[in-house]
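First, the structure itself, so that you have it in front of you.
The first chain written gets the first letter, and so on, giving A, B, C and D; residue counts start at 1 in each chain.
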Amino acid sequence: MSLISVFRRGLLGLGTAALIAAPAMAQQGQPIRIGAVLSVTGPASFLGDPEDKTLRLYVNRINAAGGVNGRPLQLIVYDDGGDANRARTFATRLVEDDRVVAMVGGTTTGTTMAMRPVFEDARIPFISLAGGIEIIEPVAPFTFKTPHTDRMACEKIFADIRARGLTRVGMISGTDGFGQSMRGQCQRVAGPAGITIVADEQYGPRDSDMTPQLTRIRNTAGVEAIVNAGFGQGPAIVTRGYAQLGIRLPLYQSHGVASAQFIELATPAAAEGVRLPAAALLVAEQLPENDPQRRILIDYKTTFEREFNQPVSTFGGHAYDGLMILVEAMRRANSTDGTRLRDAIRATRGFVGTGGVVNMSATDHMGLDLSAFKMVEIRGGAFRLIGN
Amino acid sequence: MNAALPPRGAPLLRAEGIGISFGGLRALDGVGFEARAGEVLAVIGPNGAGKTTLFNIVTGLYRAGSGRILLDGANVTEAPPHHLAAAGLSRTFQNLQVFFRMTALENVMAGRHLREGSGLLADLFRLPRTRRDNEATRQAAMALLDWVGLADKAEIPAGSLPYGALKRLEIARAMATDPRVLMLDEPAAGCNPVETEEIDHLIAEVAARGVAVVLIEHDMKLVMRISRHVVVLNQGRLLAAGTPAEVRNNPAVIAAYLGTHGAAEASRGSARDNARGSARDDARGSARDDPRGDAHA
Amino acid sequence: MLAELLQFLVSGLTVGAVYALVALGFTLIYNASDVVNFAQGEFVMLGGMVTVFAFAAGVPLPLAASLAILAAVGVGLLLHRLAIEPARGASAVTLIIITIGASIFLRGIAQIVFDKRFHQLPAFSGADPILVAGAAILPQSFWVLGGALLVFAGLWLFFERTLLGKAVLATAANRLAAKLVGVDTSFVLALSFGVSAAIGAFAGILITPITLTSFDVGTLLALKGFAAAMLGGMGSPLGAVVGGLLLGLLESFAAGTISSAYKDAVAFLVILGVLFVMPQGLFGRRSVERV
Amino acid sequence: MDAKADAAVLSAAARPRLSARWATLLVLAVVIATIPWFFPSGFYFRVAALVWVTALAAVGLQILMGQAGQVSLGHAGFVGIGAYAMALGPKYLGLDVLLCLPLGAALAGVIAFLVGRPILKLKGHYLAVATLGFGMLVTMVLVSEVGITGGPDGIRVPRAEILGWRIRGSETFYWIAGGALLIGTWIALNLQDSPSGRALAALHDSEVAARTIGIDVAAYKLRAFVIAAVYGAVAGGLLALMNGFVTPDAAGFIASVEYVTMVVIGGLASVPGAVVGAALLVLLPQALTVFHDYEHAVLGLLIMLFMIFLRVGIVPGLAALLRRRA
């Protein structure tokens, strides 16, 4: 393919032709176009990659099963590399050029916030997969999100720390968006939760050794527990450093490491005893038989792991939830009109997803409560559900 | 010209007791000279004698370890090069320092920098002041290119000009600053006899305009022909100073530098009629190629 | 207190040894060609990733590591042959952009050939820390430091004791003169790329058990390695080593004692401070302007 | 001297320069004015506006790198300063966002003036690492001072209003950005053909010679640095306004490397080259999304190929090819 033809395809509106993830099929009706701008590469690829894989996989499955309202889905995915400016451009492209009816994506809070005005202006529903609470608070009419917020993660962790009779916490956070956002929320909810943050250290998302920061926390007088806000490989290195230094304090990780891969990277020995709040996906098999989520979780987990031969993560699960909430809303609304679709998404009640049971409303564009978060502990190289 | 010397004026540029060391090596020690308006002063000496270092100190590129430099009576020892240029000191380089990315014309135009006063804002927004400056500079630069015989090469990138042309281009650029003192570091080095003669002419014209010319040159014929005064350096020290005739006959100079062959060359060079006629034939006889001269390097 | 400082010291030296190896790679190629090879970090990535994947496929670790070094050397030679050699004579900045393109290209290929996830490698001799005066030191740190030392010693011997090494030094000092006395400068350049790639890959293998690896670890390492090379003085192998170790120590002590959020800032401020006093870096060649 | 011949030479020398400058501006103006006719959707306005804004920053860097010959790996730092001024000025000082555009530019200029003095004493790669350090410091402040800057997730930029009319929509920004680039290009071309521009070109080629013809090399380097910073900040401000949002990525190392790549790939010596380089690096990722997983590999490959085959850059390289053909 010559460069010129690449340009023509990219620039003269033909580019989308090559992006269709939907298989050719004999179905009546034009395909329904759904957009996704994900951080498939870059610092947040830890999150974006499984999101990308999940969306492609499930759009194919939905189409194979006859599509939505008799029409196939057409998924258009762009990789923003974690850059907000690029995300914004791709969002415009989805709206103006690809003419999508809805958007599932936005891997990080930064890219989501940069894209939000585009979809709000175009009155197209936008289901974000990022954690930041500012995405839905205050509520923007067309913007939703599926993951639990980092504020919820902090609350869950602090509640668990209090339950152990501890109050003084040392924090170590990544300087990436995820880490900083959660750090801010934890600082905000610490007081009300009866927690005092006595140490506050940070590390770069690409740093290779966090023992200096951990040494400092360890030497801070009165620290009773350590909370690590971060995602990607950073928390794995923090956990290794924690083990290396032989620190005995309880270590809490965030929902940003909710994947079996974390245990593998941190090594099971180092990760032993680490606790984190996470969606139930990580402990699907341990849920009681009558748990409403159980069937869905096991189904998603086996489907994903069989297809991609890598451990499932809750991030892919958020993409699954977003896609399914959208598809259900389309079916209920029997329309792809932006406002009707938005109203239908808002009307989501009792949707059982990987992140929990979702009940949206005009004032709650996430629809999850703290009960959706499970506190899990790593024991013997696996996640164990601990008392709720 | 040597026969009937006009009375000499006050020294315009004066270097006294200049010394400098590089990593323990005394490159210059107590060297000085005086350059007067309308005269050519030649600085000679074997390679490594410290001639270019002396130039670099006088033009402010190196800081002298000792000694002082007076320009028109003012102490300019510590002055940076661009201040010295503004005070009327200009120079050329032994290893060409032409602006190779620019055209010949632009090279000379750049030399008019001190005569332009438009200011950055005027330049950015192309105010009338800048346009006037550009026009005046272009005219002056074209005149200088014409003077050195490069008018037809004005729009050619300097990088593609032949060596001899670049030597003249540097002289034109140096003259573009309207200097009172012009310091030429081997202006004819590497040039063929015809080019050397052209440069010879240019230097004489510059001096005739009342500029003090200081010259480093290995071509002894050129030195003897055009200079009024000669300073001889050897191993960083002043070996001799005086008129060409005095220096030529100075035994120390002959021993250290000129050699008998060089002395012969020099005497021939000072015989002006002879020099003009035989320059082409004797090109290879210059001190630069004298094995004995080089041996001192 | 002593234990704390020792902890920072070990942390700084371990990370710094990797910076030093990357900086050495920069220096070798720079000396042979004036090219600042921004794809140097990709050699580190290749070292780690190839070892991880070969090891996961059942290849014994030493063999996997050798494979990784071979792969990196191959890529380094190809980079020289296909990208640097055809652009011979281009300006330094053009060559630098070519290496930036190469770095993007290699990362792009790596994310396809491997994947976009992080990977770990078991420590060579166990993960149980050794307690020294109260500081917990990973056995792998000794591997990193020892490996780096081995590379430094090997390079020193190469430069001081072999004719080829002298040829490389001659090329670094004056390319034209080296050519005139019969040094095949093109071969020296290829050799530099090969050796730099090998050193980078070696660093990647040593450090992966500590830092993990992924297809895009190279960018930051290249950045830090470049800064280290500048701190030490571009073109000086000794400077690269000192600069790398110093940068690692600065970061670790800044993180441990001043501010972990601004530890990189502290490191850079020190580098700037050094450069203002010594514009050619700590061991760079100081030259008087020749005119 | 033959006055008549002299005049002929003079005018011959004067003519091509003048026309080349205006021809460049004319071509750019025509391109900006006409390509919207071929835009099938509003997205193209967005991308094209992005090209013009990015090109404005690149033209600024071209003044520093191409004209003055000083490398900067921290250009995006100034873009970031301009961009964040648009968010922080209204939020903390209650300033009108449009007022923050010149204020941000002025701030960037002042910062450049202050840091430029010590930094510009360094040369070549040492200057590169010092500017890189500056860019990293800016990014680090933006990332770490979460309470003020919003941290890595970025911060909202208010929409601008002129007399109650809200500036919004890709098409509006297209014309604003196009106009800004046209002015920026005009200024850069003016500079190139002016006493100051010749001083920059002179110190680029030989600092020693520049000093001996009376050019205050340090002062002119600093001027180029400040000018480049102001260009970057204006571009950053426009970008922030256009996006309504800004994150520290705008100031990051990757962005700085991209600006350098734009200037070099377009042709260091050429002002329009910076525009072409910017266009290429903004458009390529858009065009290359068709390759999905292979996007980065193809992008890297294209950068290498461009630099190998057009080593002096696209604009001067193609010009030389055309001349040879003619």
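Assume a contact is a pair of C-beta atoms (placed from the backbone, for glycine too) under 8 Å apart; a residue touches a chain by one contact, two chains touch by 3 or more.
Because the structure is predicted, anything quoted here is derived from the model rather than measured.
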Interface with more contacting C-beta pairs, comparing B-D to A-C: B-D
Taking each chain's C-alpha mean as its centre, the one farthest from chain B: A
Chain nearest the overall C-alpha centroid of the shown protein atoms: D
Chain A and chain B: spacing of chain centres that average the CA atoms, whole Å: 73
Length of the line joining the C-alpha centres of chain B and chain D, rounded to whole Å: 42
For chain B paired with chain C, centre-to-centre distance based on mean C-alpha positions, whole Å: 48
Centre-of-Cα separation between chain C and chain A, whole angstrom: 35
Chain D: positions in contact with at least two other chains: 144, 208, 254, 295-296, 302
Residues of chain B whose C-beta touches two or more other chains: 61, 93, 97
Multi-partner residues of chain C (at least 2 other chains): 111, 261, 264, 289, 291
Touching residues (chain side chain B, partner chain D) in the complex: 59-61, 80-82, 84-86, 90-91, 93, 97-102, 105-106, 109-114, 116, 118, 120, 122-126, 130, 133-134, 137-139, 142-143, 146, 151-152, 154-155, 173-174, 176-177
Residues on chain D engaged by chain A in the complex (per definition of touch): 38, 40-44, 46-47, 50, 143-144, 146-147, 151-154, 156, 168, 170, 239, 243-247, 249-250, 254, 283, 285-290, 292, 295-296, 302
In the complex with chain B, residue positions of chain D that touch it: 1, 5-6, 9-10, 12-14, 16, 187, 190-191, 193-199, 201-202, 204-206, 208-217, 223, 227, 269
Chain A residues touching chain D - in the complex, by the definition given at the top: 3, 6-7, 9-13, 15, 18-19, 41, 77-79, 82-86, 88-89, 92-93, 95-97, 108-110, 113-114, 117, 121, 132, 134, 175-177, 180-181, 183-184, 202
Of all residues in chain C, those that touch chain D in their complex: 36, 83, 86-87, 89-91, 93-95, 97-98, 100-109, 111-112, 219, 223, 226-227, 230-231, 234, 261-262, 264-265, 268-269, 271-272, 275-276, 279-281, 289, 291
